[in-house]
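Before we start, here is the structure in question, set down as C-alpha cells.
First chain written, first letter: the chains are A, B and C, and each begins at residue 1.
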Amino acid sequence: MSNRPVSSRYTDVVALVILLALVPAIAAHTPYYLRIATLAVVYMGWTVGFNLIFGHTKQLFLCLGALAGSAAYVTAVLSQQLQLSPWITIPIGVAAATGLGVLFSYVSVLRGLGVIFLGIVTLAFSLIFQNMVLGLRQFTNGETGLVTRDLGFPLLDHPVAAYYLFIAVLALALLVYCFVMDSRMGFAFRALSDDELTAELSGIDVTACKIVAAALGSTVFGLFGTLYGLYNGIVSPSLFSFVNVDIPVLISLLLGGMRTRLGPIVGAALFAVIEEFVRPFGQLSVLVYGVLLIVLFVAFREGLVVMLRKAFGFSQFRELFRSSG
Amino acid sequence: MIVQVESIYVSYGAAQVLRDVSLEARAGEAVAVIGPNGAGKTTLLRALIGMLRPTRGRIFYDGQVRNGLRAFETARLGMVYVPAEKELFPGMTVFENLELGSYCNVRDIPERLTYVFDLFPRLEERRHQLAGTLSGGEQQMVAIGRALMGYPKVLLLDEPSTGLAPKMVAELYRQLAKLKTAGLTLIVAEQQVPLVLSLTDRAYVLEQGAIRLSGKSADVRGNPEIKAAYLGVT
Amino acid sequence: MTATLLDGIVQGLQLSLLAVGITLIFGLGGVLNLAHGQFAVVGGVAAKLLLNLGVHPVLAGIGGVIGAGLFGLLVDRSLLLPAYRYRGEERLLLGLILTLGLSFVIDGYLNYAFSEFSLTLLLPIPLVQIAGIPMRTAGLTTSAIALVVFLALFVFLRWTLLGKTIRSIIENEVGAELCGIDPARTRTIIVGLAAMMAGLAGIAQGLFSSLGTEMGPEFTILGLLVAVVGGVRSLNGTLVAGVFLGIVNAFASRYIGAYVAFIILLSVAMATILLRPTGLLARFT
C-alpha cells in the first residue's frame, strides 16, 4: 500500500476538488443553487468529521449540531461582545468544540461507557446546548438568533468567494484525513474498527486512538460550524438542531460509506439532492429521513462507495473510490 | 437410542472445533465425555442442546433429527443442559430459580420441589436466599435441581465437579447415581476422570475436537494410554 | 416548600411511568428504544381519535393505551427483527439507530397529519385541599394512576409465572432459555406492555396539562435519562430515579428558572451516569 508514489495517493482528492471547483461555473448566476452547493460542502465537511468519530472509532456522538453550534455561538458572541477580530474568535470557537469532543471521548473511555451511555450523554448535551442558547438570551438573542453579518471575514459576504473558501477548508480536512489514515494512527484505526479487544491486546492504545479521532472530528465540526455561522449571516438554535445537523450527517455517512475517503462526500452530495426533492413536503421530509435511516442501516450498511466499487471492478474506479480501511 | 450424534462438525467462526464426532446414549444410560481442556467437550454439549449448530452431520433425539432446534425447544422436549457457568438467576431466590426450571414441563411443581429438596436438603434450608449469594457448591445444586424440575429425560452436565470441595463432589456423584437408577439418561463432561468413569456405563475420550477412543467405562479406565494421560495426573 | 416537594413527586411519578417502559425493553431485549416518547404520543393520539368519535373519556383513555400497546407489538415483530438477530453491543447499536429512524417516521407523520393536535382532558374538580395545600386533582390523579400501575407491575413481576419469566430473562437470558423459555415471544409481550405504559404516560400528560404531537422527542429524552439514572435493568431504580429527578426539576424550576432548571436536570442526570454508570441502585452480578 505504501509502495505507490505520494502523488497518486491523492489523485482522488485532487479530482474531487477540481470537480467541486467547477460548480460555480454552472451555478454562479443562480444564487439559490450556489448557496445549496455551499451548504452541501459544509455538510460534506461535517460528514468527514463524523466519519472519524463514528465510522472509524465507533463513538456514537449524538451532539453534532451542538458541537458545531457551540463553536459558532462562541465565535459570534465573543466577536459581538468583545469586538474581537475573527482571526481570534474563530480559533477560540473551534477550540471550544474540540474541547467538548475530547471531554466526552475521554470521560467515556475512562469510565468504560459503552455506546448507549455515550449516546445518551451526548444527546443530553445536545439539549443542554439548545437550552443554554435559549436561556442566555442576553448574549445569544435566544430563538431569534444572532446576526453575524459584520462579524466575520468580508470574504464570506461574496457567494462565489465563500464557496471557494469552503472548498479549500474541505480539501484541507480531507488531506488531514488522508494523512492520518496513511499514518500509524490510521493503521490503529483500522485494527480498532475490526475488533477492539484484539487491537488492545496487540498493543494498540485504544484510548489514545479514540480521543484523537474525537479531537480531530470535533475540530472539523467546530471549524465548519463557525464558518457556516458567519457565512449564514445569522446564527440561531434551529440552525444547529439535531434534525438539521445530526440526522443529515448520520444519513450522509451511511449513504456514502463509513470508513472510506470519498464516502462522506458522495453521501453528503446525494443527501443534498434528496433534501431538495423532499423539502416541499414539510414535516413529511422528517418521515423520509427516518425511513432512509432505517433502510440504510438494515440493508445498505456499507454505503454507496463500497457498492460502486464492487459493481465496477475497473482499476480506475478502484483508484477513485479507494477505501482508507 | 435416545440420543445419537452422527458425524458432526462444529466451528466457531473460522476455527473448526469438532471434527467428525459421533456419540450415542441409550435411555437410562450414563455416558462420560472426558478429555483435556479445550478438547471440545463443552462445544459438544452445546451442539446437543442447540446453542450451536453443526455445519455437517446430524443429531438425533428421540428418533428424530433435531439439528435446527433452539435451546429452549430442546429443553421442552426433555433434554436439559446444566452448563459449567450454571447460568442461574442471581437476583432471584433459590425457590424462584427452581420454579422456573419447571417452565419447560409444568407438572406437579410442589411434588417436584419435594423431590429436589430431598436430593439436596441444603437447598431447602436456603430456599428464600438469593441465588447470587450462595456458595459455589450450593449454586451447583441449584443448577442441577433447576434442571430436574421439568422431569427431564436426558441431563447434560458440563463439569459438575468444578469448584466443589471433594466432599461435595462425592455427595454430588452419589446423587447422580441415584438419578441414574431412577431411569434418567446422563451425559457428563468431566475433568475428574476416575469419578465419572465409575458413575457411567460408557465413555468417550475427546481430544482436539475428535473422538480418540470410546467404549465401556471399565475398559476405558483400564486402557494404559488413558491411565497415563488422565489417571496419573488426576 | 412542601408544595414544591409534592409537585416534584407528582412530576416524578409521571417520569417514572414513562421510563419504566424503556427499562423493560432494555432489560428484556437489549434495545434502547429511542422512539419511546413517540409511543406515548401515539397513545394520546389514539385516545383523542376515540374521543372525537364520541367515546366516553375513560374508555377513550383505555383505548388509547391499548392502541399504543398494539403499535408496540407491531414494531417489535417487524422493525426490531433485524436487531434481534445480533447480540450485545451490535444489537444495541442497531436497535438505537432503528428506533431513532422510527421516531422520525412517527414524528414526521404525526406532525404532518395532525398538525393542530392537542389532547387536553379536564377533570370536573380542578383543585383539592390536602393538609392545607391546594393541589391540582389532575396531578393527584396522574400520580394515583402511576402508583397503581407500578404496584400492579411489582405484583405481576413478583407473583405471577409470566412475571417471573420476565425477570428471569432480564437476569440471565441464557439461563432462561435453558429453562425452556422463549425469549423472543416474552420480549414481544413486554414491548407491548411497555408501549402501553408509555401510552398511559402520554394520556396522563393530556390530563396534567396538554399533549401535542411534537412532544415525542422530549418524552424520549426524559424517559431515557430517568431509566439510565435509575439503572437500565432495575425497575425499582426507575421509580426512585423518576421521583428524584422530578423533585430536582421542581425545585430548580421554582427557585431558579425553567431553562436553567432543565439544564440542571440534564447535568445531574449526566453526572449520575458518569459517576455511577450502573445506576442509582446497584445490582448483583
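As a convention for this text, a residue touches a chain if its C-beta (ideal position, glycine included) is under 8 Å from a C-beta of that chain, and two chains touch if they have at least 3 such contacts.
On a predicted model such as this, the values are computed, not experimentally measured, just so you know.
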Using direct touches as single steps, what is the fewest number of steps from chain A over to chain B? 2
Taking mean CA positions as centres, which chain lies farthest from chain B? A
Chain occupying the middle, per Cα centroid: C
Across all chain pairs, which one has the most C-beta contacts? A-C
Whole-angstrom distance, CA centroid of chain A to CA centroid of chain B, is 54
Using mean C-alpha positions as chain centres, tell me how far chain B is from chain C in Å, no decimals. 42
Per the centroid of Cα atoms for each chain, what is the distance between chain A and chain C, given in Å? 33
What does chain C use to touch chain B in their complex? 161, 164-165, 167-168, 171-172, 174-183, 283-285
Which positions of chain C touch chain A when the two form their complex? 32, 79, 82, 89, 92-94, 96-98, 100-109, 111-112, 115, 217, 221, 224-225, 228, 232, 257, 259-260, 262-263, 266-267, 269-270, 273-274, 277
Which residues of chain A touch chain C in the complex? 60, 107, 111-117, 119-121, 123-125, 127-128, 131-132, 134-135, 242, 247, 250, 281-294, 297-298
Chain C-facing residues of chain B, complex: 49, 70-72, 75-76, 80-83, 87-92, 96, 99-101, 103-105, 130, 132-133, 146-147, 150
